[in-house]
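Look for chain A in each of the two complexes below; its partner is chain B in the first and chain C in the second.
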Partner chain A sequence: MQREELEPGAAALVVGPVEARRSFCLDRLSTADRSAVAVLPPDPAGVVEGYRRAGGEAPLTVVARDATTDAGRLESDDVRVVDVDAASLPAVGEATLATLGADGPAPPADRLWLADLSGPLERTSVQQVYRLLYILSEHVERVDGVGLYGLGPSVDGKTTGILGQPLDYQVTVRPGGAPTFGSPAGRIDGAP
Partner chain B sequence: MTDETPGAGARVLIVEDERALAQLYASWLDDDYEVETALDGEAALEAYDGSEDVVLLDRRMPETSGDRVLEHIRDAGDDCRVAMVSAVTPDFDIYDMGFDDYLVKPVSREEFRDLVERMLRVSDYDEGLRRHFALSSKLALLRSHRSEAELRESEEYAALRAELDELDRELTEQVAEMAVEDIGAVLRDA
Partner chain C sequence: MTTETGATGGTGSEDLTATGAESASKFREVVGLLDGWSPDPEDRGTEVSRQLRETLDRRLNDAESSRWDRDIVERRRGALTADVTVNGEIAVAVLGSARMAAVSSVRSRLDLLGGRYNYLVVYWRDAVAEDGDARRLIERRATARSLGVEDVSFVGPEPPGAAAGEGTGWPPSPATALVALVVPVGLLFAATGAARGFAVVGRFPPLARAFLAGVGLLFLLVLAFAALLVR
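Moving on, here comes the complex of A and B:
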């Protein structure tokens, strides 16, 4: 599959080193029309700054652990911070889903970036993370948005293969290089 | 029974120590579900056999309380949805209670039926996600041990993919009916 960009409704596993993933995802996040949401970024302040630097103009919601300590400093008319217990995947899921719904304080998000699945994989199970991905990607598709789910390159192939199943693409990013768009790890789309 | 009723035919156990109320609740459901009633906590423990899809529990009952029945059900580890239907206004003690939903009495027929339908919808979706994960795991296993050419020629692989696609369509329809908090419940179940 040759592709250079993600179309509306698409969900992608973004695999690669932290900085390359962050750069790729912030660029896509900044193209939001309605609003964008960054979930569990390691540095909420840096994400807000990076989003603006990448040209993001739509409102941004940051769903982050211990974000309350930063909230006063980060929040503005178009930046909202939601504090969650990062160890609780259901809490993360509910807070994120709320940003995709029509009833939230910001317009429904059409760009979602879940920064790194490695932490949730360490704290919970592959099945629980899979459920979160499946549910989020389903909702992102319904709002014609784009969902980006970061994964470190050291995660084993089987786990990557399972987590990629409910998604449309696997994007491999590398420092200083162009991203590679492909099917989720080894999916054989042409199989009978 | 209507075909549209979520989980039509599901088994529902109603635990309520006021006989008239238990009968009223049962009458609200028994057109669509297989309903059993228990008039106190002890009767509930005897009636419960793990095959129930939904249990509706009064909290305040003589001797064995609804909270104790809930503990028993959770200790049994069965995949059963439990809602408390109680005059007791929820307090902070609910923090570590293992129920799925809570209705404060008095409840209307509509609220009661909505509660059951919602829990069965979550239950169906939860089961669908379990199957989805199992199918995805099988596919990933095959992909990691078989060549692309072998996968292309395999009817079994194609059948797994087709089953997954069909399940996808079913889950997409189901999730459209669910509220965010219900989806959160599904995440808690994994």
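Moving on, here comes the complex of A and C:
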């Protein structure tokens, strides 16, 4: 039977054009019970607005590149903005992990969306991005959350396969079409 | 998850300037570690890959490494996949026998791995004398380019007999010796014939000499082109 939703603890690579990915991920982000976190979205203000429009009621944390953030304007009682140096994946990773922990300013996040892996892939290496996904998905699974990791359709199949290995699903989205849920291309050792 | 991995730990967040060079360097490090490794001779199959994962995890990572610096060493399961991967990108395949009959199945597995990973390390586990030719055949054909990977390396104990004589070209086989004798004699005859030909052509009228020179040049060009195609 065709899967239509992600179960708690699941992590998925979301592959497709920017707008389709954004729409799919905001819909899932808005189902957060405790809190949600959006990591490196290209337009933090648009994400906050989209999250609310999708029905998101839980507090939202945006981990954003300092150059794109107008933190003072975006922050409110239930929206928090964390600035990071996007060129440093450890910095991005630590800021994201802090939102999943119990001792942060917001309740531990149970929905995580890393908007686009293409940028980190250009700035760092496949191995570093793999390490980031591995660590984040491990923590998301531990807190019974849902992790969504966006990737553009132009990234080659082998890289997509490599990055999909630590994840549970690959969701392919397209404008105006239903998302397709499948096993990540690189996952060949007992896919869900 | 159906992989066994080393635990991640630590809280450091040192910035890393990573490029493709970092991946290549990690590949070389893994190759270096495997070069000096040998599994317990009694172990087979999953025991070997478990031992390999533990060894690589221990040697690549130290207790003080931050979680962002640790290399993720995972054991994969399934006959058609890598035995162990490092950071998802480097595949290590442990191969046993390399008999001639198994060349095509080994090649198929390497092609499969080449389609999934960027770096490939093949560890020859069994060093059997009969494996020498098959190993050389596989290693010669399985280049990084033909497999579609950034780099490939073969490591492991050499088959007995491979070090003495084999691979050095000495002593030569009877066929090589025959070719080595025939070629100089052939070249001598060709040189003599060419000299006589030049002497005869030298007596021709200028137009005929120019025509023959043109035909000769054209012939050489065709030969060069054919050689290029063969390469």
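To be clear about the criterion, the second predicted complex is superposed on the first by the 181 of 192 C-alpha atoms of A that agree within 3 Å, B and C clash if a C-alpha of one lies under 4 Å from a C-alpha of the other, contacts with A are read in each partner's own complex, and residues count from 1 in each chain.
Note that a residue touches a chain if its C-beta (ideal position, glycine included) is under 8 Å from a C-beta of that chain, and two chains touch if they have at least 3 such contacts.
In this text, all values refer to a predicted model and were calculated from it rather than measured experimentally.
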item: Which of chain B and chain C A:Tyr134 touches, first, second, both or neither; value: both
item: Which superposed partner A:Gln165 touches (first chain B, second chain C, both, neither); value: both
item: Touching partner for A:Ser125 - first (chain B), second (chain C), both, neither; value: both
item: Touched partner set for A:Ala98, first chain B, second chain C, both or neither; value: first
item: Contacts of A:Thr180 with chain B and chain C, given as first, second, both or neither; value: neither
item: First, second, both or neither for A:Leu89, with chain B first and chain C second; value: both
item: Contacts on chain A seen with chain B and repeated with chain C across the two complexes; value: 89-91, 93-94, 124-125, 127-128, 130-131, 134-135, 138, 158, 161-162, 165-166, 186, 188, 190
item: Chain A-facing residues of chain B, complex; value: 129, 132-133, 136-137, 139-141, 143-144, 148, 151-155, 157-158, 161, 164, 168, 171-172, 175-176, 180-181, 183-188, 190
item: Of all residues in chain A, those that touch chain C in their complex; value: 85, 87-91, 93-94, 124-128, 130-131, 134-135, 138, 158, 161-163, 165-166, 186, 188-190
item: Touching residues (chain side chain A, partner chain B) in the complex; value: 89-91, 93-94, 97-98, 101, 124-125, 127-128, 130-132, 134-135, 138-139, 142, 157-158, 161-162, 165-166, 185-188, 190-192
item: Contact footprint of chain A on chain C as seen in their complex; value: 1-3, 8, 11-16, 18-20, 22-23, 26, 66-68, 70, 72, 76-78, 80-81, 85, 87-89, 115-118, 148
